[in-house]
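What follows are several structures.
In the two complexes that follow, subunit A is the common piece, with subunit B as its partner first and subunit C second.
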Partner chain A sequence: MKRRIIMSILFALITIASLSAITAEEIVRKMDETETFATSYSEGAIITTDRFGVKTSTFKAWSRGAYDSLIEFTSVAERGQKVLRTSGELYLFYPDAQELIRLQGAALRQSMLGSDISYEDMTGEKDTLAQYDVKLLRQERVGERNCHVLQFDAKTRTVAYPMQVVWVDTETYMVWKGEFSTKTGRLLKEMLVLETMVVDGRTLPKVTRIADKMKRDSATEMRLDRLEIDVNLDPAIFSLQNLTW
Partner chain B sequence: MVRFLLALACKNLLRYKRRTVITSVAIAVGLALFIIIDSILIGVNEDSVRNIRWHETSSVRIMHADYWKDRLLMPLEVHISDVQEKIGLLGEHGLTATPRITFSAQMILHAEDFGEDGNLPVVVTAVDPRTDNSVFRFEETLIDGRFATSGSNELVMGSWLAQDIRAKVGHWVSLVARGNGGFFEAMDMQIVGIVNCPNPNVNRSLIMVPIDTVGIYLDMEDLATEIDVALPASADPDEAASRIPGILGNGEQALAVMTWRELSSEYLAVIGMERKSSSIILFLVFLIAAVGISNTMIMAINERTRELGMMRALGMPDPLIQVLFIIESGGIGLLGSISGTVLGSVANIFLVRNGIDFGFLMRMNDFGYRVQGIFRGAWSVQSLATTFAAGVVLSMLVAWIPTRRAINKDIPACLRHQ
Partner chain C sequence: MTMKLINVAFRNISRNRRRSLLSGIAVAVASMSIVFLFALVQGMKDDMGRNLATYFTGEVRIRNAQYEEYERYNPMHLTVDWESIDRALAQREDVTAYVPRVTFPSAFYVNGGNHPALGLGADFAREAEFQDLESILKEGRIPEAGKNEMLIGALLARDLKLALGDKVTIISSTAARGNNAITLEVAGIAAFPVASMNSQYFWIPLDRAQYFLRMDTGVQEVLVKVEEHERKSAAAIKEQLEAATGMQLDVKAYQDISMIYGFIELAQYIYYFIGIFFLLLGSTVIINTTMMVIYERMREIGTLSALGMHGKELTKLFFLEGTVISAIGAFFGVLLGTAITLYLGKFGINFTDALSGIDMEISSVLYPSFSIWTAIIVYIYSVVVSSLATLIPSRKASRIEPVEALRYI
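Presenting the complex of A and B:
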C-alpha cells in the first residue's frame, strides 16, 4: 500500500513536471511574439557615448508586423532623416539633399548615426528560429527576475553574430540581457535592459544599453519615452511616397 | 632677295643690341619656366602611373563581374571562387598572378601597446605572401621588421599609418570585420613589418595580412575578391585583358577583367584635368613673354617709323618691309628659344637626377599624384621641340600687327614722325 502511494506521488510529479517543461524553441517563439506587434508607434532617443562625448538623437517610429518599419529622426542635427524598412528592402531619406538612398547588401551593415547599432540591427527581421539553432542552458537571475538562459548558434553565415547568449524572463519572455559573440566565442557586444514598461499587459524594454566590448568607453543607450501598440496606422506610412514628404 | 632681307635683319638686330638682348632674355626665361614645369608634370605623371601599377592595381585585375559597382562597400559575398585553379591556368599561359581579398574592418588599438585604447576604420588587404611580391613591388619598401608569413596572425603596415597611430613592430591590434555572408569576426594580429611605400595613397592606409589566415577567419578559403596579374612594362594590358577570359574559360562565374587604366580611370581623369589647368598656366607664362615681345616690337617700329618711311620712299615694297620686321622678330625669338631651351635643359638635368622634395606637402595633403615626396623631371624631346618652335613662331606672329599699322600710314607721315 505504502509503495503504491509513493509510486502514485512520483507519477503525479513527473506528469506535472512534463506538463510545465518548456522547450527552448517555445521560449524563443514567445520571445519573438513579445517583441512583435501588429502595429506600433513609439518615440524615444538613441544616446551614443564614445571617447569624444555623448550624442543624443531623438526619433519617432512606426512598425507593422515583423517586416515593416519607419523611423524618423527629430533631433536638430538629423531632423527629417528617415529610415524605411519594408520586406527585404531599406531606404534612407535625407531631407537636406532631398535624396532617397536604397541600402542593400553590405551597405546595411553601416552604423546608424555613429552608434553601435547598424541599420540591420534596427530594422532586422524577428524570426529568430529561422536563423539560429537554440539551446536552453540553465535558469539564472538577472536582478530580481528569473530568466531562461538560451544559447543561439547561427544556422547561416548571413547573421551578424554567429553566437548569442540571451537571458529571457521566465514570466514575461522579455529579453533582459544578451551577449553577442563571434563563432569562436569572442564577445563583441553586450545588451542589458535597464528599465522596463508595461504596455497592454506586455512587459517591454524602456531603456536598453548596448556596449561594444571591443571598444572601451563605447556604448549606445536606446530609450523609449512613449510606446503605443496595436494602433491604427495608415498603410501609406510604409510607402516610398510618404518617405519623401 | 631673301639673302638681302636676312642680312638686313641681322644688321638691325646687332644695331639695337640692348633691345635684342632684353627681349631675348624675356623669351628665354618664359620658355625655360615652361620646360621646367612641363618636365615636372610629365615626370610626376610617369612616376604616378608606375606606382599605381606597382602598388595599387597591378597591370590587369580579374574580379567578379558584379564587384566593381559595389567596390566601395568591399562585399566579400561578391568573390571569385576556385582561385588557385585560376592562377594555375594563368601561369600555364605565362601570366604571373596573385590573389587578394580586400575588406573593411575596425582596427582596435590596445592601451598596453599604444598607450591608450582606440579604434579606427581601416581597409585591409589580404595577400598571398608567397606570390604577392611577384606581382606587386613591396619587397624593396620594407623599412622595419619583415613580411608576414603564410597562416600567421601577422600584419604589415604602411609607415605613414604607423606614424599616425604610433605603431611599432611587435605591437598587437585587433581587427573586427564582417565575414563572407555578413557575420562578425575578430582577429588579433601582431605588427611584424613596416613598409615605406612610394605611393602615398597606399602608404597612408596600407594594412596587409596573410590571405590564408583571413580565409579561415572570414570564410574565404580559396576565394578572393580579386586576382591581380603582372605584365612587363612593354606589354599591352588591353591585349592581355582580352586574352584572359579565353584562358579562364566559361565557368559558372561571370568575371570582369580590367586593365590598370580602367581601374585608375578616376586618377587619370583628375590628372587629365590638372594637365589642362597646368597648360593654361603654361600658356599664361608664354603669353607674358609674348606681350613682352609685342611691346618691344611696337616700340622698335615706332622708333624706326622714319627709317621705315625712308625705305618706302626709296621704293622698297610694303610686303618686303613687313617680312623684314617679321624676320627681325623671329631672330629675337630664335635667340630667346635657344637660350631658353639651354637654360631649361640644364635645370632639367638636376630635376631628372635629383628632383624636388615635396614630401612636406604630400604627407598632409592628397593631390591625387601617386608620388610620396620627390618629384622628378622627365625628358621629352617633343616638348623641347614644341617649346623651341613656339618661341620663334610666336615672336614672328606678334610682330605682324604693329608692322602692318605702320605700313598703313602714308610715306610723308612716316617721314615727319618724331
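Presenting the complex of A and C:
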C-alpha cells in the first residue's frame, strides 16, 4: 500500500513537471495564437505625446489570419488614408495621390503618423517562430501577473528588431511587456500593456504604451475601443483594387 | 639731390631691363590676382545676398518665434498668421514687397523608391512682385493656384527623368504631425541660378501646399524686401507685427540668418590679409633681384661711396629703384586685373559642376564685382608693400664699406 502511494505521488510529480516544462517554442506558438484571429474588426486611437503636445489619430482596422491587415484612418487630418498589408507587401493609400505607395526595406520602419509606432509594428506578420530563434530566460512578475521572459534572436536581416525580450503571461499568453533592440543590445523600442480586455475568452491588450527610444520625450498609447473577432469579412477587402476605391 | 637720385634710379632700371621686368611682372601678377580675388569675393557676397533675398530668406524673414528652436524636427505646425501679417505689412512704407512661403522636406515616389527633395509653397501672383520667375522658366509655365501642379528645378527634373506634363507623387509630413501624399503634374521646369534650388526644389501653389500639409491659412514664413537698412527694418517690423498679431515672432535680416553669408563677410576680411601675403610673395622677387643688383654693382657702390655718397643716400637709391618698379608693376597688374574682372563680370565664371550637390545659396555662374575704389586701394597697397620689401636689401647697400666694395675693381 505504502509503495503504491509513493508510486502515485511520483507519477503525479512527473506529470506536473512535464506539464510545467513548456518549451519556449510552445509559449511563442500560444502567444501568436492569442494575437492572431481568423478575422477581426477593430476601432481605436493612436495617442502620441511628444515635445509639441498630444496628437490623436483614430482608425478602423480589419485583419485576416497572420498575414493580411488593413487600417483606415478616420481622424480629420488623415481621413481616408489606408495601410494595407497583404502577400508580404505593405501599401499606403492617400486620397490625393493617384498611385499606391509600396513601402519596402527601411521605409517599413518609418514612423506611422509621427507616432512611436512604425508601419511594421502596426501591421507586422505574426509568425514569430519563422522569423526568430526563441529562448526561455526565466519567469518574472509584471505587475500582478506571472510571465515567461523570452528572448527572440532574428534568423534573418529582414525583421525590424534583431533582438526582442518579451514578457508573456503564463496563463493568458498575452504579451505584457517588450523590449526591442539591435543585435548589439541597443534598446530601440519599449512596449507595455496598460489595460486589457477579454474578447471571446481571450485576454488581449486594450491600451498599450509604446516608446521609441530613438526619440526624446515621445511616447504613444494605442487604445482599442472596439474589437470583434471572427467576423464576416469580404475577402476583397485586402486587395489592392479595394484600396483605391 | 633727390631728383638726381630719381634720375639715377630710372637709369639703373633701364640698364637692367630683364631683371627690372622680372620684378615688375612679379608685382603685377600679385596685384592682378588681388584685384580679381577681391572682386570675386565681393561678387560672391553680392550674389549670395541677392539669392538669399529672392529665394531663401527675403531681406527680412518673419517666422514663428519657436520655429528655429525646433527646426531640425520639421515643425510644420509652427506657422504664422498670414492674413494679419499681410494687413500690417501693407501699411509700412519701408516695405517694398513681401510674399508668404511654405518650405517642406518631402520625397518623390518614383519607380517604387523615395527621392528626397524640398517643396516650396508660393503665391505665384504675389511672387511676380518679388522676383522674375518667368525669366528663369526653361519650359512650360508657372503653376496655377488651386491646381495640383509644380514648377521643378531643371537638375531635379533631369535626375528624376521628369518632363512637362508628367505626374509624380510626393510624400511629406504635415502640420498635423502626420504624413500625406499628393500627385502633382509638372507644369514648368525652371533653371534657377542657385545650384541647390535647381537640384533639390520644386514649387507648388501656396493654397495646394496649405491643403496638402494641413496648414489651414497659416504659412511657415513671410519674406520681406525693404527699402534699406534691413536690420533696422527687421526690428521695427517685429515690434509692429507682435503688437498687431499678439504672436511671438522671429523677425531677422538676411545677414543674420545665413551662416554662410556670415562666413563670406568674414572671408572678405581674411582675403585682405591674404592679399598682403600675395604681395609679400611677389616682393620676394624684388628683394632677390635687388640683392643681385647690389652684389653685381658692388664696384659702382664702392666708387659712389668713395666719391662721398652716404649710406642713407645709397639706401634711398635702391629703395627708389624698387618703388619705381613696384609702381609700374602694380599699375599694369591692377589694369590687367580690372580688365579680367570686367570681362568675367560680364560673362561670368561657370561653377555648375563644382557646386552641384553643394547646399549653398550661391549661383552656379558667378560674376566678379568690380569697384574702382578696390582697384585704387589695391594699387596703393601693392606699391607700399612692395616698396617696403625693397628696404631690406637696400639697407644692405648702406652698410657696405667703400674699401670692401673697391676690392671688386
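In this text, the second predicted complex is superposed on the first by the 226 of 245 C-alpha atoms of A that agree within 3 Å, B and C clash if a C-alpha of one lies under 4 Å from a C-alpha of the other, contacts with A are read in each partner's own complex, and residues count from 1 in each chain.
By our rule, a contact is a pair of C-beta atoms (placed from the backbone, for glycine too) under 8 Å apart; a residue touches a chain by one contact, two chains touch by 3 or more.
Nothing here was measured: the structure is a model prediction, and the numbers come from that model.
Novice: Once subunit A from each complex is brought into register, does subunit C clash with subunit B or fit beside it?
Specialist: On the superposed model, which is not a single observed complex, subunit B and subunit C clash.
Novice: Going by the contact rule set out at the top, does A:188 touch subunit B (first), subunit C (second), both, or neither?
Specialist: first
Novice: Applying the document's definition of touch, where does A:204 land relative to subunit B and subunit C: first, second, both, or neither?
Specialist: Neither subunit B nor subunit C is touched by A:204.
Novice: Per the contact definition in the header, classify A:90: touching subunit B only (first), subunit C only (second), both, or neither.
Specialist: A:90: touches no partner chain.
Novice: Figure out whether A:51 sits in contact with subunit B (first) or subunit C (second), or with both, or with neither.
Specialist: A:51 sits against subunit B and subunit C alike.
Novice: First (subunit B), second (subunit C), both or neither: which does A:24 touch?
Specialist: A:24 sits against neither subunit B nor subunit C.
Novice: Thinking of the overlay built on chain A, is A:77 touched by subunit B (first), by subunit C (second), by both, or by neither?
Specialist: In the superposition, A:77 touches subunit C alone.
Novice: For A:107, decide between first (touching subunit B), second (touching subunit C), both and neither.
Specialist: In the superposition, A:107 contacts both subunit B and subunit C.
Novice: For A:161, is the partner it touches subunit B (first), subunit C (second), both, or none of the two (neither)?
Specialist: first
Novice: Subunit C has the stretches 63-71, 117-125 or 153-161; which one runs into subunit B?
Specialist: The segment of subunit C occupying space taken by subunit B is 153-161.
Novice: For subunit A, what residues appear in both contact lists, the one with subunit B and the one with subunit C?
Specialist: 51, 107
Novice: So in the complex, the part of subunit B that touches subunit A is made up of which residues?
Specialist: Contact set of subunit B toward subunit A: 70, 73-75, 77, 106, 108, 111, 117-119, 174, 176, 178-186, 219.
Novice: Per the contact definition, I'd like the list of subunit A residues that touch subunit C in the complex.
Specialist: Its residues touching subunit C are 48, 50-52, 55, 57, 77-78, 81, 92, 94, 96-99, 101-102, 104, 107, 112-114.
Novice: Give every residue of subunit C touching subunit A within the complex, in rising order.
Specialist: Going through subunit C, the ones touching subunit A are 70, 73, 75, 77, 109, 112, 114, 148, 167, 169, 171, 173-174, 176-183, 212, 214.
Novice: If you look only at subunit A, which of its residues touch subunit B in the complex?
Specialist: Per the stated touch rule, the residues are 51, 105-107, 109, 154, 156-162, 180, 182-184, 186, 188, 214-218.
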